[in-house]
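Two complexes follow with chain A in common, the first pairing it with chain B and the second with chain C.
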Partner chain A sequence: MSNLAKLTSIDRRWIFLLIGLGTLIPVLLPIGFPVRVTAPVKQIFDKIETFGPNDVIVLSYDYGPTTGAENDPMTDAILRHCFSHDIKVIALALYPLGGLTSLTASIDRIAAEYPNLQYGVDYVNLGYKDGGQATMKLLAEDFSGAFPNDTHGTPLSELPLMQRVKGARNAQLAISVATGIFGEWWANLINAQYGLPVAVGCTAVSAPKYYAYLEAGQMIGLIGGLKGASEYEQLVKDNYPATREAYANPMLQTASKGMDVQTIDHLIIIAFIVIGNIAYFADRRAKRA
Partner chain B sequence: MFLKVRLPIMLTFFAGLIPIVAFFFVDGTPVVKKLSNSLEQDMVIVSGFALLLGVVNVVQGNVRKIEPREKGWFYAIVLLAGMAFMGLFGAAGAMRLFGLPGIGMMPDGRPTPFQWGSLYMFTPLQATMFALLAFYIASAAFRAFRIRNLEATILLVAAVFVMLGRIPIGEPLFGPITEWMMQVPNGAAQRGIIIGAALGAASLSLRVILGIERSYLGLDKNE
Partner chain C sequence: MNGMELFGTWVAALLTLCLMSFLYKDNPLFRFAEALFAGVSLGYYIGITMDQTLRPNLFEPLRDSGITLETGHLLFAGLVGLNLYTRYIPKIAWFARSSLAIYVGYYVGINMVQKLQGEVLPQAAATMVDLTGGGSPTAALNALVVFIGVLTVLMYFFFSVEHKGLFGKASRVGIWFLMLGFGAAFGYTVMGRISLLIGRINFLVIQWVGGTLQALGIGG
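On to the complex of A and B.
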């Protein structure tokens, strides 16, 4: 077996080491690759731009810590966009850990960047509710049917924002930042039945599935994976310069920084695929000889 | 016979029919809508009980591992201890027992025990497990993406184009190709899968609603 052919049986720990370094180095020394915005992401941004101060979006945290690296930057960017543009936000979670960790941590952190915001007037955190599709159908008609109280235990009837928005169907847009199948439910149940525009932010691995809904017009836009999140971040930074300060925080792990890691790791994987194929053909030739 | 077979089938028929009728009458038929909402609320409650079933199942499965000291029995103890910790503090917090103000943060900004476990144990563990995928995907890509035949070559080329199209370095050239691949061939295939799965789900639902499929009652078709 030639030296080249031996590469087919390379110890996978070398691959792990290179991927580890390709992840660690860009995190410690950010490169800052440029971001090009694609149409599916821009469509969501443009839709929110058309809204006024009385308009409301429903933001559903349908993911947990497993996909937080991809989904957290999406919800952060959407919240910054809404709060900068004076759009009201009703946040909730249909995924168990989405309510407790992602939603509460995210909305409190982002709202703190906007001292003029009033809880209950500008935004509401409804927390998590079990039940999946049944809960989704209930909250479409009447939020209080699924969430009698917000996450602080306050009855919805005492919150000014919830007094004027009975159900999700009365909002202007629903955005599901989702892992797995949740985004499909929003398109199938809420958009199909009530005509409420729906947008989805999903992990890169789920994105191919959602293109069918996007092309069919059942979703107004799609934020796919870390790449989509970095595009949304770029749109927010470009259109709302005040948000650049938050994104300049070196301790903040943004999608734009994550794209440095994704770029290096994708290149490493492609390099290994090329090496693997060269070694495969070398091995085949050696066997024939 | 009536209580074991006919009554459950009748209940299933009405429980299945009402949401279907309600779906097509969003603003009208308040009686149907009210019934449908009531059923959906019941479903939320029932799904809560499913959680209890899951807990019992996890306990039984892991106790069976611990008793004969099966391989990995120690991890089963860790799992049960973690579940007991989160379950007890979660339930106590939700019921406001032992002075706990809930399951989120305390008024002074410190996390409740449940929130502490969630933030500093469960969240990093879950994130770590998912992050490990990157290493295994890289290793699998190295071994699986080989130009063995036409199908494998198409798969390899598509994967490389998408990987390049989703990073800034390759995006100017491969970005439009990636978008086209996602929208056209991928979109068509996904649509076929989604429609096929939906038709399958609809036909199975109809079989259950009409009482043809009875296996969920522990019965054969002819019983």
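On to the complex of A and C.
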């Protein structure tokens, strides 16, 4: 067996080790590759920029800890954008495994960066509700039908922000940061039946199918995977310099740092695909000869 | 990071390492962490549904208002839900089917409209594009690609005609479009999986190692 042919039967644990090192080294020593912003992400940012202080965004945490590495940077960046631009946020969770945990951890952490924000006036945390589409249909008409109280047990009627927004249909935009099918439901139920503009931040695995909704005009924009999250972070940092301090924290997991790893790991994978193919064809030629 | 947080971080870090040990080979530590995750997830789901949905939306309104005309629908929904568990009593197991029928009927009703109005019609309309691109050459090219792609992929999935001759060639073009789609999906999947690895490595480096060093007063 030639040296090249041996590569086709390499122990896959060597590949795992290389990918592990390709991940660990850029985490320890960030490179800072430039991030190029694409249109689907910019469309969401631009839409929020058109809003004023009386406008309201519904931000739905439709993901759990298993995809937090991709989805957390999206929700963090969207919240920083909304709070920096003085947009009101109604946050809720429709995903059972961690939706509420992600929501509460994220909104408390980001709101702490903006000491002037008032809970109940500038933002509300409605918590988690089971039921999927049924809950969605209900909250589109009337939040209090689905969420009688916020996550702290306060009746919605006592929260100033909720007094002026009856249902999600009365908001200006809904953003679902989602794993799996939840984002689709926001597009094909809330957008289709109530005409509310919808944007989705999805995991990379789901991104290809969401492009169909984007192309059909059922969503105003799409944040696809960690790459999309890094683009949104870039837009927030470029347009709101005060947020750069938060993003400079070395203890913070950001999508921009993650894209260094993505670049290195993709190069390793591409190299293995090329080497594997060369070895395969060389081996085949040798056998024929 | 206080003592309890550090303890939680250590538990999470050790479980992460247990799961990652599968990359070397299958082992009991991986099996333990996997089973624990499945069990904790289910327990969390039950707990959070009780606390965030059943308590505020069913138990508290019934407790506060009693059974009235306004809360009657809640009692009905609660009984329909409870009825699902009669399947565990063999003599009346058949009774659970009525709840299942209501449940299935409700979601079929929601989905039928949702799929047609929100998916089939707008997605079909999006493929019926102006081939001139409204005067823009790039839009025209994009429209042409969409037109050829949709047509040839549909031909590939049309099995009432034998795939040979012109029809066969067109369906071969459809395969190319499908392969491009699968390629894009695979690329995104790789990115997604690496993102998950980044999340875990970040956790191990920043929160576990960094947090422990910080707690010990070593480093910044």
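By definition in this document, the second predicted complex is superposed on the first by the 287 of 289 C-alpha atoms of A that agree within 3 Å, B and C clash if a C-alpha of one lies under 4 Å from a C-alpha of the other, contacts with A are read in each partner's own complex, and residues count from 1 in each chain.
Convention: a contact is a pair of C-beta atoms (placed from the backbone, for glycine too) under 8 Å apart; a residue touches a chain by one contact, two chains touch by 3 or more.
Since we're looking at a predicted model, the values are computed, not measured.
Look at A:Lys137: by the touch rule set out above, it reaches both chain B and chain C. By the touch criterion defined above, A:Phe272 lies against chain B but remains apart from chain C after alignment on the C-alpha atoms of chain A. Legend: residue contacts after superposition of the two complexes on their common chain; A:Thr104 is shown touching chain B, with no touch to chain C. Contact with neither chain B nor chain C is seen for A:Ser157 once the two complexes are overlaid on the shared chain.
Residue contacts after overlaying the shared chain place A:Thr50 against neither chain B nor chain C. By the touch criterion stated above, A:Pro34 is placed in contact with chain B alone, chain C being left untouched. In the superposition on chain A, contact of A:Thr263 is made with chain B only, not with chain C. In the superposition on chain A, A:Thr67 makes contact with both chain B and chain C. When the two complexes are overlaid on their common chain A, residue A:Asn239 makes contact with neither chain B nor chain C. The residues of chain A shared by its contacts with chain B and with chain C are 16, 19-20, 23, 66-69, 97, 100, 129-131, 134, 137, 146, 151, 153, 193, 204, 207-208, 212, 215-216, 225, 227, 262, 265-266, 269. Interface residues of chain C, counted against chain A in their complex, comprise 23-24, 41, 44-45, 48-49, 52-53, 56-57, 60-61, 106-107, 110-111, 113-115, 117-119, 122-123, 125-126, 181, 184-185, 188-192, 194-203, 205-206, 210.
Interface of chain A with chain B (complex): residues 10, 12, 15-16, 18-20, 23, 33-36, 38-39, 64-69, 97, 100-101, 104-105, 129-132, 134-135, 137-138, 141-142, 145-146, 151, 153, 193-194, 204, 207-209, 211-212, 214-216, 225, 227, 259, 262-263, 265-270, 272-273, 275-277, 280-281.
Listed in rising order, the residues of chain B touching chain A in the complex are 19, 23, 26, 33, 36-37, 40-41, 43-44, 47-48, 51, 102-105, 115, 118-119, 122-124, 126-127, 129-131, 134-135, 137-139, 141-143, 145-147, 156, 159-160, 163-164, 166-169, 171-172, 175, 179, 182-183, 186-187, 190-191, 194.
Every residue of chain A that touches chain C in the complex is listed here, in rising order: 13, 16, 19-20, 23-24, 27-28, 66-70, 96-98, 100, 127-131, 133-134, 137, 146-149, 151, 153, 184-185, 187-189, 191-193, 203-205, 207-208, 212-213, 215-218, 224-227, 250-251, 253, 257-258, 261-262, 265-266, 269.
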